[in-house]
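I have a structure I would like to understand better, so I am pasting it below and will then ask my questions one at a time.
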Amino acid sequence: MSQRTIRRQIPLALTFITGMIITFDWFIKWEPLQSVTKTILNFNVVMVAFMMGFAGVNLIMLHTRRIKRNMSQNKMLDVAISVMLLACLIGWSAVGIFMGRSSDTYQWLYSNFNLPLSSTAYAATLFYLASATYRVIRARSTETIILVVVSIITIMSNMPMFVTYIPALLIFKTWIANVLVKASYRAITIGVGLGGILMGVRTLLAMETGFLGAVEE
Amino acid sequence: MELVAGKMLDLVVLAGIWAVTLFLIYSKREIWIRRLPALDFIEEAVGRAAEMGRPVVCQGFGSGSSGMQSSIAPMIMAGLAVLGHAARICARHGTQIVATMRSESVVPVADEVLRTAFRLEGKLDEYLANREEMLPWLPTQAAMVALAHRIRPAAHIIIGAFWHESVQIAETYGALGAVQIGGTGRLYQIPFFAAVCDMNLIGEEIYAVGAYINQTPQMLSSIATADYFKLAFIVFILLGVIMATLGMVDPLVSLFSW
Amino acid sequence: MGEQSGIGNTLANLPTWLYFSLIIILMAYITLNPLGFPIPVTSLTIDCYDAIDALQPGDIILMDQGYGAGTMAFHEPGFIVVFRHAIDKGAKVVIVSTSVESPMLLQRAIDKIKPAAKGYEYGVDWVHLGYVAGGEPAYASIVEDINNLFTEDWEQTPTSALPLMQELGVPTHEKIALVYIMTAGGDVVEGWIRQSALRYDLKFITQVNEMMVPTILPYYPINCDGILNGGVGAAEYEVYSGYSGEAVKLSDMMTMGGLVVLVFLILGNIGYFMTKGGSS
């Protein structure tokens, strides 16, 4: 069996078959088809879980290479960062596997490391949002003037403080949400939905092979 | 075996999409699609990066734990098509390209896309020598922001699926002076990209990327099909508005529950 | 004019450290000294409340506790207040997680809700099944046959030993009265809407970030019966339902965050017009 068959034809055939099964299952009520679909969906769940393990292995390989390279170039800070990452990855996994994910140690690690770091990263969004709003949203043209006015109304109407004392804000917000936003988002959703369906058609017909990693020649 | 109730209209529309696509492919009709300035701008952006001696950063593949298995897979594939296109231009100009991704399922695919792009330009050795820098796996937005400060790219291509991290990422790269080409099908991020990026692909334009770059009859046929159906939906909506205004709602309801 | 353009120039080009510092100071102040602004309740929240209030004793709610540490500040109060309301209605709750971190955060919320103190028995009245990978195909599996996907719960108890799971049966969607999704991911909500509300006409409510609400609005009110607008929505629900919670306390901080963005938007434009006026 040639490389081309293994690397292209078989994955494309599998894609077509599974895609058609899932598509038909949406429209047809037939016990054998539903059973096959259920199996495929469960396969998907297992494969995704497996990919997370693969991600961990990939990370270990990448950072081991980096440690070797950075040590030879005497970049000790980069070495320390990679070592810390690997220590966290391996240590945390070991705690989860041997002590269990419900153990006090695992909970402690999560509550004292992951929780504050994730919250901080998300909270930092406010700084960048304020920075972008300040730096970029300037009323340079008619469209941007409308953008600024609508932004001000929308921001104020999302704040209980203003809505309490200026009830008219809610009327504007409701009108903007129910007329302008709904209409435009419905239109874009239809377009994106159609685009997604056509992308699916292209994938099933082997016209879109991006997921195989090949650039069209 | 029976049809699921209320799905006949969906089936007819889907069958119609397939039929029109296949008809357009086999009829070999000349199909023209309008310019997408954002994609044309990629060459300019890479040229700028080459002049400045700075890298190009390409992002957009997966978000959170969503990857090729999720409903955002079409957006990821669109991002990969842009990555391949940008990578070829970068290889031609001798500019470094850095691709970052948040989803593990995309890593081998993106690696293959980059490898192929460099091979087609005859610069596979260059890619293999710099491979780690070209595929750092950076799982958080903080890391992507740190990358910006570390390598100071001249161009930033951010096309794909994003959540809140796009606020931080696009703002950081913009503040550092990179020209930005943005695009996403995630509706709630489009306004932000429109405000911050120099050039944009809005909504379904990202799905036309593959067709625009390759211009093969098959790809163009699918774009034309989408447009024909959008036209049909507009007519249908207008008809529905008129019927609803005239009080003829029952035929509409029975059509949708057919 | 020179002086004006000087002020204008300053306003238009404030250094980053200055406005970042202002943000820190203002947010710290409001955290330590909440001002207690009143919270008006909007129709989106009232619809969510009505959806839960319409439940009968024994009805089953499927909850996707799909939030992480980043959005926990507002999702957790939303989860707590809806769970409390469900307990008061006698509805049973099945919790799944589509975010990797969510199961770790659930215990914090359960410790605040204290279902056992209200006579709610684990396995009979509520279950926690844990994280499920797979995206939309996983949601499809959940509403089709949840026991096929989850053979054990988060504590690794076989679902065959949990009466509530046996009650769900096949197809699962026939036993679900309401689906409640908490997430920061738009495609998660849309995926759930497609697989539950659109496919099987299930009642559906959700709590999402403020910026995602416009994305879900097209589905409201036909396919989505109510939307909690992030932290503000959770605060409104607490006020409307009468349950005291964290969201009301956080609403002042949310107001201040919005105010900060508003002030910088206005400042930037004032500076721009002043410099533009000077140059023209």
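Order as written gives the chain letters A, B and C; numbering starts at 1 within each chain.
Operating definition for what follows: contacts are C-beta pairs under 8 Å (C-beta built on N, C-alpha and C of every residue); 3 or more make two chains touch, one makes a residue touch a chain.
Just so you know, these numbers come straight off a predicted model, no measurement behind them.
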item: Central chain (distance from its CA mean to the mean of all protein CA atoms); value: A
item: Distance-maximising chain from chain A - centres being C-alpha averages; value: C
item: Whole-Å separation of chain centres (CA-atom averages), chain B against chain C; value: 28
item: Length of the line joining the C-alpha centres of chain A and chain B, rounded to whole Å; value: 14
item: For chain A paired with chain C, centre-to-centre distance based on mean C-alpha positions, whole Å; value: 18
item: Chain C, residues touching no fewer than two other chains; value: 16, 70, 133-135, 137, 214-215
item: Where chain B touches two or more other chains, by residue; value: 65, 69, 164, 175, 187
item: Junction residues of chain A - those touching two or more other chains; value: 44, 48, 52, 121-122, 129, 131, 135, 137, 185, 189
item: For the chain C and chain B complex, residues of the former touching the latter; value: 16, 70, 99-100, 133-137, 184-187, 190-191, 209, 211-212, 214-215
item: In the complex with chain C, residue positions of chain B that touch it; value: 63-66, 69-72, 161, 163-164, 175, 186-188
item: Sites on chain A touched by chain C in the complex; value: 34, 38, 40-42, 44-45, 48-49, 52, 101-102, 107, 110-111, 114-119, 121-123, 126-127, 129-131, 133-135, 137-140, 148, 151-152, 155-156, 158-161, 163-164, 167, 170, 177-178, 181-182, 185-186, 189
item: Chain A residues touching chain B - in the complex, by the definition given at the top; value: 23, 26-30, 33, 44, 47-48, 51-52, 54-55, 58-59, 62, 65-66, 69, 121-122, 124-125, 128-129, 131-132, 135-137, 147, 185, 188-192, 194-203, 205, 207-208, 210-217
item: Of chain B, residues touching chain A in the complex; value: 1-4, 7, 10-11, 14, 17-18, 21, 65, 67-69, 73-74, 77-78, 80-81, 84-85, 87-88, 104-105, 107-113, 115-117, 120, 132, 136-137, 140-142, 164, 167-168, 170-172, 174-175, 185, 187, 190, 192, 195-196, 202-204, 206-208, 210, 213-214, 216, 218-219, 222-223, 225-226, 229-230, 233
